Amino acid sequence: MSIKVIIAGFKGKMGQAAYKMVTEDPDLDLVALYDPFAPEEQVAGVQVFKSKEDLKGLTADVWVDFTTPAVAYENTRFALEQGYAPVVGTTGFTSEEITELTELSRAKSLGGLIAPNFALGAVLLMQFAAQAAKYFPNVEIIELHHDQKKDAPSGTAVKTAELISQVRTSQEQGAPDETESLAGARGANFDGMHIHSVRLPGLVAHQEVIFGSQGEGLTLRHDSYDRVSFMTGVNLAIKKVVEGSELVYGLEHLL
Amino acid sequence: MSIKVIIAGFKGKMGQAAYKMVTEDPDLDLVALYDPFAPEEQVAGVQVFKSKEDLKGLTADVWVDFTTPAVAYENTRFALEQGYAPVVGTTGFTSEEITELTELSRAKSLGGLIAPNFALGAVLLMQFAAQAAKYFPNVEIIELHHDQKKDAPSGTAVKTAELISQVRTSQEQGAPDETESLAGARGANFDGMHIHSVRLPGLVAHQEVIFGSQGEGLTLRHDSYDRVSFMTGVNLAIKKVVEGSELVYGLEHLL
Amino acid sequence: MSIKVIIAGFKGKMGQAAYKMVTEDPDLDLVALYDPFAPEEQVAGVQVFKSKEDLKGLTADVWVDFTTPAVAYENTRFALEQGYAPVVGTTGFTSEEITELTELSRAKSLGGLIAPNFALGAVLLMQFAAQAAKYFPNVEIIELHHDQKKDAPSGTAVKTAELISQVRTSQEQGAPDETESLAGARGANFDGMHIHSVRLPGLVAHQEVIFGSQGEGLTLRHDSYDRVSFMTGVNLAIKKVVEGSELVYGLEHLL
Amino acid sequence: MSIKVIIAGFKGKMGQAAYKMVTEDPDLDLVALYDPFAPEEQVAGVQVFKSKEDLKGLTADVWVDFTTPAVAYENTRFALEQGYAPVVGTTGFTSEEITELTELSRAKSLGGLIAPNFALGAVLLMQFAAQAAKYFPNVEIIELHHDQKKDAPSGTAVKTAELISQVRTSQEQGAPDETESLAGARGANFDGMHIHSVRLPGLVAHQEVIFGSQGEGLTLRHDSYDRVSFMTGVNLAIKKVVEGSELVYGLEHLL
C-alpha cells in the first residue's frame, strides 16, 4: 500500500526536486500540493491548495515541507494536528519550538523529522567517522568546495570534528616539534585534529576524513554532485516517519 | 593496573611485531615468552619458556599466540585451562575446535579471541560497507594489490561483498542493456555487484568500496602498508578480552 | 586587442555555453550569431544572421561552430573562405573532408581546429599518461561513469590505452599464473593492460590511470562534472587558432 | 650488449638497493664494488676494491655513487677521469663543483648525472603539474606524510609550487572575501596557491596536485611506499648516461 504524501512549498528548488522524487516512486502517492502563492490550480491532476483551511480533512500520511522559516513552525504544527507525519527541510526552528513539536507528536503518536541536512551520504560519513575514531584517534579532515564558498572550514567539517572529539581522547597530532615554513600549512586545529579547506572552481562539495594508524590508513569520502542528492534522504524519511511515534531532529536518528 | 601478557611464538614475524608492541605499551606488562625451539633463556629480562609444563602457575592475564596451526589448538586450550584469556592469530582451527574452545571459555568465564585478520581498518571498512549498503544499494568494489598476488578477487573483497549482500535487496547494477566491447571491462559479478581487481608493482593491499546514489557518492578506502598494522588489532584485542567472559571468532565481535 | 568571434549554432546546449563563455571573457568580442532557424533578430545587441550570404564581408577572427553534422563541413569551408579561423565542435567529418579543409586553411594561411572532444583535462590526462608510460610500463585504467552508460570500456579509456600502447613495450601485467575465482575480476585486457569500468548512479564521467613501479605509484585522475567543462577547451582554441596557419584535428595539437 | 657498472658505497641502504637492482637487471653487468671500509674481498664473485688506485684501468661504463658528501666530489672527478659516466645520488655538491664536473664531462664527452632525488614518479608529477598549470591556473597542493616529519610543507610540495608559479600568471585563489573561522583552514599561501600538509601515522610520503576548472578537475598523485622506488630512477639514469655527452644536475634532464 502506497504512502500518501502532501508537498508544501513545491515551487522552490527543493520542493520541485521533492515533487519529482515523490511522483517517480511507485511506493509513494502524491495526494496534494500546497502553496499560497502558486498560480496553478493543479499539476498533472494533483490539486494545488492555497490555504491550510481547505486541506483540513484530507487523508494523507506524510507532510513534506520545503517552505520558509517564517511559516515552517506553523505548518509543522498544522500537519501534526491533522495526523500527517511531518518531514521538514526548512531551517530556522528554535529549540523551544522543536521541543514543543516533539511533545505534540508524542501526544498524537506520530513520527516526524526536522532535518538541517538531508544528504544521506554526509550523515553516514559522520557516523562512520565517529565510530572509527574510537579505534583510530589520529585523524585529519580535508573538505573541498567550489571557490565561491566564503567560509572555511565548512560547517560539515566542523560538525564531523565535533562528533569525533566526543569519542576520542583529546590529543595533539603531528610531531611535537613540527614547524611550518609557510604559515597555515598544517591547517586549522580543532582539539588537536587538523582540518584543511580546498577551494577550486569545478568542485561542488566533497569531504575526506583520513585516519592513520601503524602501517595502515582508512579514508572516508563523500562527494555531493547535485542538490538532487538530498532526495535520497527525503525519500528515506518519508518511509520511516510513517512507522514512528515521535518527531526527531536530525536524519541520523532515522538510520 | 597493567595487563600481564605471555607471547607464544615470539620468534616469527608476527610474534616479533607483537613483542615490540607489547613492550612499548605502558598499559601492558610482558611476563613471559614461550617458544620450544628458541635458543634464548631470556630476552631483555623476560624469561623464555620452552615447555608449557614450566609455565603452569605463572600469573598472567592474556596469552598472545602466533605459533603454527599444528599446535595452536593445544596452546589455546592450555591458556584457557591456566586462566589466561587467549588472543590467537594462528589459523587452521576447525569449527569443532572453535566450538569446543568457546564452551571451555564460558565454563572458565574467560574472554578470548581467535581472528583470521587483525587489520582493524579492514574490519571497520567491512562493517561500514554493510551499514551503508542498507541505504545505498548501488555499490562496486575495487581492490588493488601488488602484482605477485595470484588470486582475484581478494578474499577481503569477496567477504565485503558477502556482508553487503546480506543487507541489500539483490539487484543487477549498470544499464540493463549495457555491453562490453572488451570482455571483462565490467569486472566480476557477485550478486549483481561488480568487483574489480587491480594488480600493479609497488602496491601493497588496498580496497575501495564505492557507493553511488542520486547526485552523490560515498567511498570507503582501506590502505595496508605494512604487517605492523595488525598490531593495532592485537593491542585492542588484549585490552578487550580481559573484560570478556567468552571466546569469540573474528575481531569484529570485539568492536 | 580583443578577438572578434562569430558563433554558429548558438541555440543548442553547446552553443549556449559558448555564448556565455565568449560574452564573459573580456578578451573576446562577440560580433555575430548565426542560426538559420533562430526567431531572434538580435541577442543583447548582437545581430543574429539567418543566411551565410548576409555574413559575407563581416570582419571577424574566429568562427565557432556547434551546428549539426549535415552542415558543419559547408560551414567550415565558408568560414575559411571568408578568412575566419574555424573552431568546430560538430562531429561527422570524413577524413577526406578534413584533409581538404586542412589544405584550404594552408592556402589561406589560417589556423583552425576540428575537435571531437574539448575537455581539456581529459586531453591533458591522455598526454601525461603517454609520457608516464615510457617510464612506468605497468599501468591499469579505471573509468567511472553514471549507470545509464551502455558501453564499456569508455571511448576515452580505449583511446588512452591506445596512446599508452604506442610508447610502451607490449607486456602482460599481473602474476603470470594469476587466476580469477570470479570471471572478469581482472577487467578487460588491452595489449596486456587492464581496464576496469565502474557504473554507478550519481557519477558523471571520471577516469583514473594508475601506474605502479617498485615502491611507488603515480595516479592521474580526471573528473568531468558538467558539460560547461568543454568551454575551457573552446576558449583556449579561440586564442590559439588566431596565431595558427593551418587547421588541425584534435585539441592536443594546440597544447 | 650489457652496461658495465661499478657501485661505490655499496654497503649503505641506498648502495645495497642499487646492488640488488643492478644484479637483477640482465641488461646491466656489475663489474666492481668500491668501499674503502668494507671487510669483504668479494661479493658473489664481484671484487670489492678498497682504493681507487686499484680500480684504475678497469673497463666499465657507469660509476654509481651512493657514498658520503665528504668524498662524492672526489669520486665523481675520478670516475670522469677514468672514462666512467657517473650516476651520483650523494648530496652536498657546491654549484662550483657541479660546474667544474660538467665541464670535465664535456671535455671527456661523457654523460653523467648528479640528482638530489631519484624518485621518478615524483619528478614526473612535477613536470606534469607544470604543464597542466599553463591551462589550469587554479591549483592546490596536498602533501601527506608520516607524523614524525617535522617540517611543513614538504620540500617537494614547495618545489612543485615553484615550478607551477613559473608558468602561470600569479593569482590569488578562493573567494576574494573568504574568511577562516578556524585559522589555518585554507592552508599555506604560496604565490596565491594553497598548500596543505597532512601528518598521520601509517602514511609514508604522498602528494596530490589538484587542478580545478569550470565543470572539471584534474588530479595528479604520487605515492612513495618504499625507498626501493628510487632504483627505478637510478636504473633509468644508468641507461641514459651511457648515451650522453655531458653531466647534468637533476633527473628531469634525462626524461
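Labels for the chains are A, B, C and D, by order of writing; each one numbers its residues from 1.
Simple rule for what comes next: a residue touches a chain if its C-beta (ideal position, glycine included) is under 8 Å from a C-beta of that chain, and two chains touch if they have at least 3 such contacts.
The chain lineup, named per UniProt: A, B, C, D = 4-hydroxy-tetrahydrodipicolinate reductase.
On a predicted model such as this, the values are computed, not experimentally measured, just so you know.
Chemist: I need the common contact partners of chain B and chain C, sorted by label.
Modeler: A, D
Chemist: If I list every residue number at the interface of chain A and chain B, are over half of them used by both copies, so same, or under half, so different?
Modeler: Here the answer is same, because the shared fraction of interface numbers exceeds one half.
Chemist: For the two copies chain B and chain D, what is the rotation angle that overlays their Cα atoms, in steps of 5 degrees?
Modeler: C-alpha superposition angle, chain B on chain D: 180 degrees.
Chemist: Quick one: point me to the chain whose Cα centre is farthest from that of chain C.
Modeler: For chain C, the chain whose C-alpha mean is farthest off is B.
Chemist: So using the touch definition from the top, which pair is joined by more C-beta contacts, A-D or A-C?
Modeler: Between the two chain pairs, A-D has more contacting C-beta pairs.
Chemist: Centre to centre, by mean C-alpha position, how many angstrom separate chain A and chain C?
Modeler: 38
Chemist: CA centre of chain A versus CA centre of chain B: separation in Å?
Modeler: Comparing mean C-alpha positions, chain B is 35 Å from chain A.
Chemist: Between chain A and chain D, tell me the centre distance in angstrom, where each centre is the average of that chain's C-alpha atoms.
Modeler: So the centre of chain A lies 48 Å away from the centre of chain D.
Chemist: Counting only residues that touch at least two other chains, what does the list for chain D look like?
Modeler: Where chain D meets two or more other chains at a single residue, that happens at 202-203, 211, 213-217, 223, 225-226, 229.
Chemist: Determine the shape of the graph in which chains are vertices and touching pairs are edges (line, ring, star, complete, other).
Modeler: Looks like everything touches everything, fully connected.
Chemist: Looking at the complex, which residues from chain A come into contact with chain B?
Modeler: 119-122, 124-125, 127-128, 131-132, 135-136, 211, 213-232, 236, 255
Chemist: Within their complex, state which residues of chain C touch chain B.
Modeler: Where chain C meets chain B, its residues are 138-140, 142, 144, 147-153, 158, 173-175, 177-190, 194-203, 210-217.
Chemist: Provide the residue numbers of chain C that touch chain A in the complex, in ascending order.
Modeler: The touching residues are 202-204, 223, 225, 229.
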